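You will see subunit A twice below: alongside subunit B first, and alongside subunit C after that.
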Partner chain A sequence: MTNYLEVMHLSKNYPNFQLHDISFTLPEGYIMGLIGENGSGKTTVIKLILNMIHRENGKINILGKDNISEESAVKPYIGVVFDSNCFCEEWTILQTMKRISSFYETWNKEKFLSLMNRFQLDTKKKIKALSKGMQMKLMLAWALSYDAKVLILDEPTSGLDPVSRDELLTILAEYIEDGKHSVLFSTHITSDLERAADYITYLHYGELFFTGSKEELLSMFCMVKGGREELQPEQQKKLIGVRTFSTGFEALIKTTDRACFSGMAIEPVTLEDIMIFISRKGE
Partner chain B sequence: MTHNTLKMAQFDLALVKPYLRTILFSVVPILILLFIGNGSLMYGMMFSMSFAGIAVSYPFTISEKNKMERLYAVLPISKKEMVFGRYLYAVIIGLLMLGVSLLAGFFTFMCMNIEIFFTEIFIAVIFGVNMLECYILFLLPAYYQFGTIKGRFCVFFPMILSFAIWGLASANIISIELYSLIVLFGIIMMIPSAIISVRILQKKDI
Partner chain C sequence: MKLIISNVSSVPIYEQIKQQVKSAILSGELQEGEILPSLRTLAKELKISVLTVTRAYTELEQEGFVQNLQGRGCFVMSRGSELIHEQLLRKIEEHLSEAIHTAELAELPLDELHRLLNILWEEKNHDELS
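Entry: the complex of A and B
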């Protein structure tokens, strides 16, 4: 299996934030979710992949090529959907794509126009007249029209209605169907990843908390629920983040510790549970 | 690289196209009035080249306003090509303004039956090119380093420099030949200026 994206020992220092020793790989034909709380370093990682900022340490390979020394060779294979518009707002969709398409040798005009049709986007409309969802679709159409091999999504679904989000996930599923495209999907909306992602990379305050298959992450933890009085001191030590109610508690535990909680209700976790309770542990 | 540099210059020209029309429509009448009032090409040239200095900043302003640095980060072009394209754009805009100024001057003086001598045209062109290259040499690296708002404060330096050189030439302290050589040197200096801008952009966190 070829790795389309390899991030190795990546570090970046800001005065108030440090991204420390991040490593992960995205194989060909899969979707990887990049998750983490606000300020965990997701956008920093994406900016480093796109060579928008300088790294202190580490290396990034895209399709086996270094993202800095071979930038021009790598860029035609990367598509990006940002959280907000990145085009000139005064231009129409057609003007925008006419200007941008000249940079791509593999630009497929028919595909672009058919995507405009599918997304019901009027090419005569100015960019500033497009809604957030439409802008997201336009960026997606841009990436798909030159057949980008690696698609990077930087929180594209924040602020989108469930219908648009569902549409995006359907398109992503079609995109990776041939096994020759990969997606790095940064989002807060973990339910989207529960549905679409094969792999998860979880950043926590600039550190790599987990990278691997989604199933592996979900199987590492479980949720224990019970009455407050049921909890023994030894059991309390094993809790990773607790939420207490007047009637009881719920807490995240490692699956390997579940035997210590016999008699209590133990349930599977979601990605959101993991993020919330890991964050609570940090606090 | 040349191909992408050209595409980038075209992209920048397309960005400023709507503003360019407005500039030309507002500059030409003022130019004609200046030519009528002074009977000399120089004042019109000073005015139009000052506008060229403003137009040089437009792609920076528009890109900043639309947060297009993210688009540039995705486009399959190197930072070097991006910078060289913008220098090419600045040269094209400057030459366009220079041409507009000369044409407006010729037209006005022809209507007024005023004869223009070759020396006057030559000095006006030399001055115009010198003003343009001063803008490009100093303003573009300043815009890359400080952004458009802070970079704009550097506009006075190239303006003062080009006026000072012209002042020395018109006072015969330096000869026309030396003035021409200074202008030629300025054109050559655009290459190190562009390389400095590339370095600035490569080191900059966007």
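Entry: the complex of A and C
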């Protein structure tokens, strides 16, 4: 299996934020979710992949090629969808296509127009007149029209209604169906990823907390629930993040520790549980 | 074949797929030699991860219900019900071995164990009748 995206020991220093030694790989034909709380470094990683900012350390390969020394060879393989529009607002969709599409060697005009039709986007409309969901679909259609191999989406679902989010997930599922395309998808709306993502990379304060298959991450932890008085001191030590309330408590534990909590309610976790309780750990 | 994925079930999605494919094979809805939906098509249609379907199909193959032929698809194996019967037999053997082991610990002779089994068997049948 070839790796479409390889990120190795990536570091970046900002005055108030450090991205520290991030490594992960995205194989051909799969969807990877990039998760983490706000300010955990998701967008920094994406900007580094796209060579929009300078990296202090590390290496990034896209389809086996270095993303900086072979940038012009690599860029046609990448499609990008940001959380806000990146086209000229005053142009119509048709004008945008006429003026920019010639920069793409593999541009497929028929495919673009058919996608406009499918997404019900009026090509005579100015970009600024499009809703947020429509702008997202336009960026998505753009990337699909030059047959990008790797689609990178930065918070594409924030600000979208459930219908548009569902449409996006449908398109992504179709995109990877042939096994020849991959998706890197950053989001803090983890329910989007709960079903569709194959792999998860989880950043926490600029550090890599986890990278691997989603099922592996979900099987690492459990939720334990019980009454406040039930909790013994030695059990207390095993809790990773806990919420107590007048009638009981709920906490995240490692699945390997579940035997210590026999008699209490133990439930499987969601990605959201993990994120909430891991970030509570430090408090 | 019908496949329905529940989001509120605590059964993992790969297990849900496995169970439903198994029962379709058992009931004869899926016949020998029939082909399961392609891995990636199923993932797309159910909007679930490709790895989830891969796991379900791999485990179905390990348990002998289907055969995965590289590049051709996933085929239903012959005489699924006999396989299941064999699997159930193996499970009974496991549990009985455990019971024998426990009986040894309790120093229970074999005829007592037999008697216990008979009582439990009759109780169960009696419960079902009433």
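Operating definition for what follows: the second predicted complex is superposed on the first by the 283 of 283 C-alpha atoms of A that agree within 3 Å, B and C clash if a C-alpha of one lies under 4 Å from a C-alpha of the other, contacts with A are read in each partner's own complex, and residues count from 1 in each chain.
Keep this in mind: contacts are C-beta pairs under 8 Å (C-beta built on N, C-alpha and C of every residue); 3 or more make two chains touch, one makes a residue touch a chain.
What you see is a predicted model; the values in this text were computed from it and never measured.
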item: Which superposed partner A:L50 touches (first subunit B, second subunit C, both, neither); value: first
item: Partner chain in contact with A:F87 - subunit B first, subunit C second, else both or neither; value: first
item: Partner chain in contact with A:S213 - subunit B first, subunit C second, else both or neither; value: second
item: Subunit B versus subunit C as contact partner of A:N16, first or second or both or neither; value: neither
item: Touching partner for A:S69 - first (subunit B), second (subunit C), both, neither; value: neither
item: First (subunit B), second (subunit C), both or neither touched by A:T247; value: neither
item: Which superposed partner A:S102 touches (first subunit B, second subunit C, both, neither); value: first
item: Greater subunit A contact set [subunit C / subunit B]; value: B
item: Subunit A contact footprint on subunit B (complex, rising order); value: 4, 7, 10-11, 14-15, 18, 62, 66-71, 73-79, 81, 203, 205-206
item: Interface residues, subunit A side, partner subunit C - complex; value: 29-31, 169-170, 173-174, 176-179, 195-199, 213-215, 267-268
item: Residue ranges of subunit C in contact with subunit A within the complex; value: 10, 12-14, 40-41, 43-44, 47-52, 55
item: Sites on subunit A touched by subunit B in the complex; value: 47, 50-54, 71-72, 75-76, 78-80, 82, 84-90, 95, 99-100, 102-104
